[in-house]
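Read through the structure below, which is laid out as structure tokens, and then see the notes.
For reference, chains read A, B, C and D in written order, and residue numbers begin at 1 within each chain.
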Amino acid sequence: MSDISIAIASHSGYGHTRQLAAAVADGARSVPGTQVHQVDVALLGDADWELLDGADAIIFGSPTYMGTASGAFHAFAEATSKRWMTRAWSDKLAAGFTNSGSMSGDKMHTLQYFALLAAQHGMLWVSLGLLPGWNTTTSGPEDDNRLGFYLGAGAQSFNDTAAVHDADLSTARHLGRRVAEQTHRAGLVTREAA
Amino acid sequence: MSDISIAIASHSGYGHTRQLAAAVADGARSVPGTQVHQVDVALLGDADWELLDGADAIIFGSPTYMGTASGAFHAFAEATSKRWMTRAWSDKLAAGFTNSGSMSGDKMHTLQYFALLAAQHGMLWVSLGLLPGWNTTTSGPEDDNRLGFYLGAGAQSFNDTAAVHDADLSTARHLGRRVAEQTHRAGLVTREAA
Amino acid sequence: MSDISIAIASHSGYGHTRQLAAAVADGARSVPGTQVHQVDVALLGDADWELLDGADAIIFGSPTYMGTASGAFHAFAEATSKRWMTRAWSDKLAAGFTNSGSMSGDKMHTLQYFALLAAQHGMLWVSLGLLPGWNTTTSGPEDDNRLGFYLGAGAQSFNDTAAVHDADLSTARHLGRRVAEQTHRAGLVTREAA
Amino acid sequence: MSDISIAIASHSGYGHTRQLAAAVADGARSVPGTQVHQVDVALLGDADWELLDGADAIIFGSPTYMGTASGAFHAFAEATSKRWMTRAWSDKLAAGFTNSGSMSGDKMHTLQYFALLAAQHGMLWVSLGLLPGWNTTTSGPEDDNRLGFYLGAGAQSFNDTAAVHDADLSTARHLGRRVAEQTHRAGLVTREAA
């Protein structure tokens, strides 16, 4: 049986999102039979587009700036319109993660956009799949999904430090693992169809 | 091999959404090995909740009133919070359809809400999977996805007639068929996990 | 010169949103020449509808349950369709606030819905108007807008306590004051037009 | 009494949005005492930023590509972060318009983003303020707001022609006029505060 292939298509402005992307990759790789590829959407070459085209699942990642994904991510999203026209990414699985300086920070809008981009391509959206980790006085910010997101993984990193919160990295690993598991469940339909 | 089970959980105010739900059901039933159950979310009994709990996929449907699903649908969504707490619907597939009197009519917000409700439950969202049918001078309103929705199926029915547009019914059948196909692809994980 | 009138149209499930509504009212009342009316949208009588119709601004409030406003709020929103048809609320100012157990908790979707409901009625949306209070290592959760919302005021109250965070109450007071100030700026056009 | 100043900050890919921007400008200019400035956000110079900073209202415009504003618009939105930090655009009025090839085409998400960008800046959002023009069998596509949008003006132009629908141009003129009227109502607070 063939390995499945997961591509992480992300942009990082100051490095926080890059750390999250690495954690998503670690989580995905922890599932046996999973190939993981990192693609920087601000530096896309032909080989990167081929990795995206050949993937069984694509995980989108970006900081949230001014209430949505970065300009670099949006330039990439616009450039996917050729694949949209040919339905090249149809039926792939998709998921997403984002980071900003404050707890909410309108990150949800970025996740909504990722889910909408996936829908435009005819993909299936894999939600985070976690209850909130910190919504009672007996829980705390060390728990997975401490911020209470559902469409994907949301992280909060203070603007004046390079550090990413341990719980957010753990949540990102969970997302990568979950996407790999769901992609194994769904099987290699992408490449069978080609 | 067991049949898969798809539940259509919808509310209809004046009958247009009911016609769409029937078309979604027809599309799903057209895929061999698929059991389809219709649930009226405004009239939920214990047997209906059991059908929802036992389904491999749930398709949400509602008219769009004042920019979102109907009050009856929202009462249902709030009542699903017990299932949310126990993750009873986790990993099921989900999809959605909606109707309103005008072309856009903020129907997209209703579809966004359906996708968000699915994410809260840890479900996987199945997009419509169609290019727009009417976006050139050589296409026309008789084509599937004539309105150009992506997250799910959007229909437009004039407020002063009971009729639903043929292309919208056809698009609804497509959605039902696609959800059935994707559910067969993903397999019976829901009941295996129980 | 006449006083302006601000109506707070909200629903509270367990009391947290009620405390926020009171804080919004306090903030609005702190602006001279401002009449403030509280309306419980789950218990609407004719007198309440008259207060809403006569207001220069309406501030929507609800807990966020399952990713959107409560079922009770949505029943109210659907019931406003008569005012939609007659444009009775056109050009009024509008704003919103919401509460949930976790930091994000998809509260942003509730605020998006409030803004969309206002747009359906032809109202003007008053944003929160604050930078995030807690997005650096030198700031903290005691600052206004500690969660980083923009469309309106977002509060986080643990599910197992009746307490509402002081910073969230202060943020709610800010919202009330801001809506009153902007309503004075815009003037009594609602009643002049009647 | 001073004139008010309205800036239209838009990007056009193939010319349809440019025609809409001109119609918005015409509508705004039809209100006495209104200066209107067109700014191409893909070609921003210092003088353009000064026009935006000095405006009493900013109207955002972009095509909808892949479910959101164009990459060029998003690069502009990200570049406004300095103004966000200094609250330079706080309390200005804001509004938006967008175009795509199909009826819905996820244009609503673009309008949601424009409203969110305005909220991040502490602006007030002016909705379209029209009932849908084409939602009964006795109305037709020649009526204003034929597509049924509320947050702003949505237009539909076929991909294979340069033409923009007369009703969409008329709707755009309505939006410009409405923003000018509401800006006169709110007064010159922006420049008084400077």
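In this section, contacts are C-beta pairs under 8 Å (C-beta built on N, C-alpha and C of every residue); 3 or more make two chains touch, one makes a residue touch a chain.
It should be emphasised that the depicted structure is a prediction, and the values quoted were computed from it without experimental measurement.
Enquirer: Counting shared numbers against all numbers at the contact of subunit B and subunit C, is it over half, same, or under half, different?
Expert: Subunit B and subunit C contact each other through largely matching residue numbers.
Enquirer: Report, in degrees rounded to the nearest 5, the angle of the rotation taking subunit A onto subunit C when the C-alpha atoms are fitted.
Expert: The superposition gives an angle of 180 degrees.
Enquirer: As a quick test, compute the distance in whole Å between the mean CA positions of subunit B and subunit C.
Expert: From the centre of subunit B to the centre of subunit C is 31 Å.
Enquirer: Please tell me the distance, in whole Å, between the geometric centres of subunit C and subunit D computed from their C-alpha atoms.
Expert: 25
Enquirer: Identify all positions of subunit C at which a residue touches two or more other chains, and write them in rising order.
Expert: Within subunit C, residues 67, 84, 106, 109, 112, 116, 119-120, 150 contact more than one other chain.
Enquirer: What residues on subunit B touch subunit C, complex-wise?
Expert: Contacts found on subunit B: 65-71, 74-75, 77-81, 84, 106, 109, 112-113, 116-117, 119-120.
Enquirer: Please name which positions on subunit A make contact with subunit B in the complex.
Expert: That would be residues 84-85, 87, 90-91, 93, 112, 115-116, 118-131, 150-151, 182, 185-187, 189 of subunit A.
Enquirer: Can you name the residues of subunit C that touch subunit A in the complex?
Expert: Within the complex, subunit C contacts subunit A at residues 67, 100-109, 132-138, 146-150, 154, 156, 158-161.
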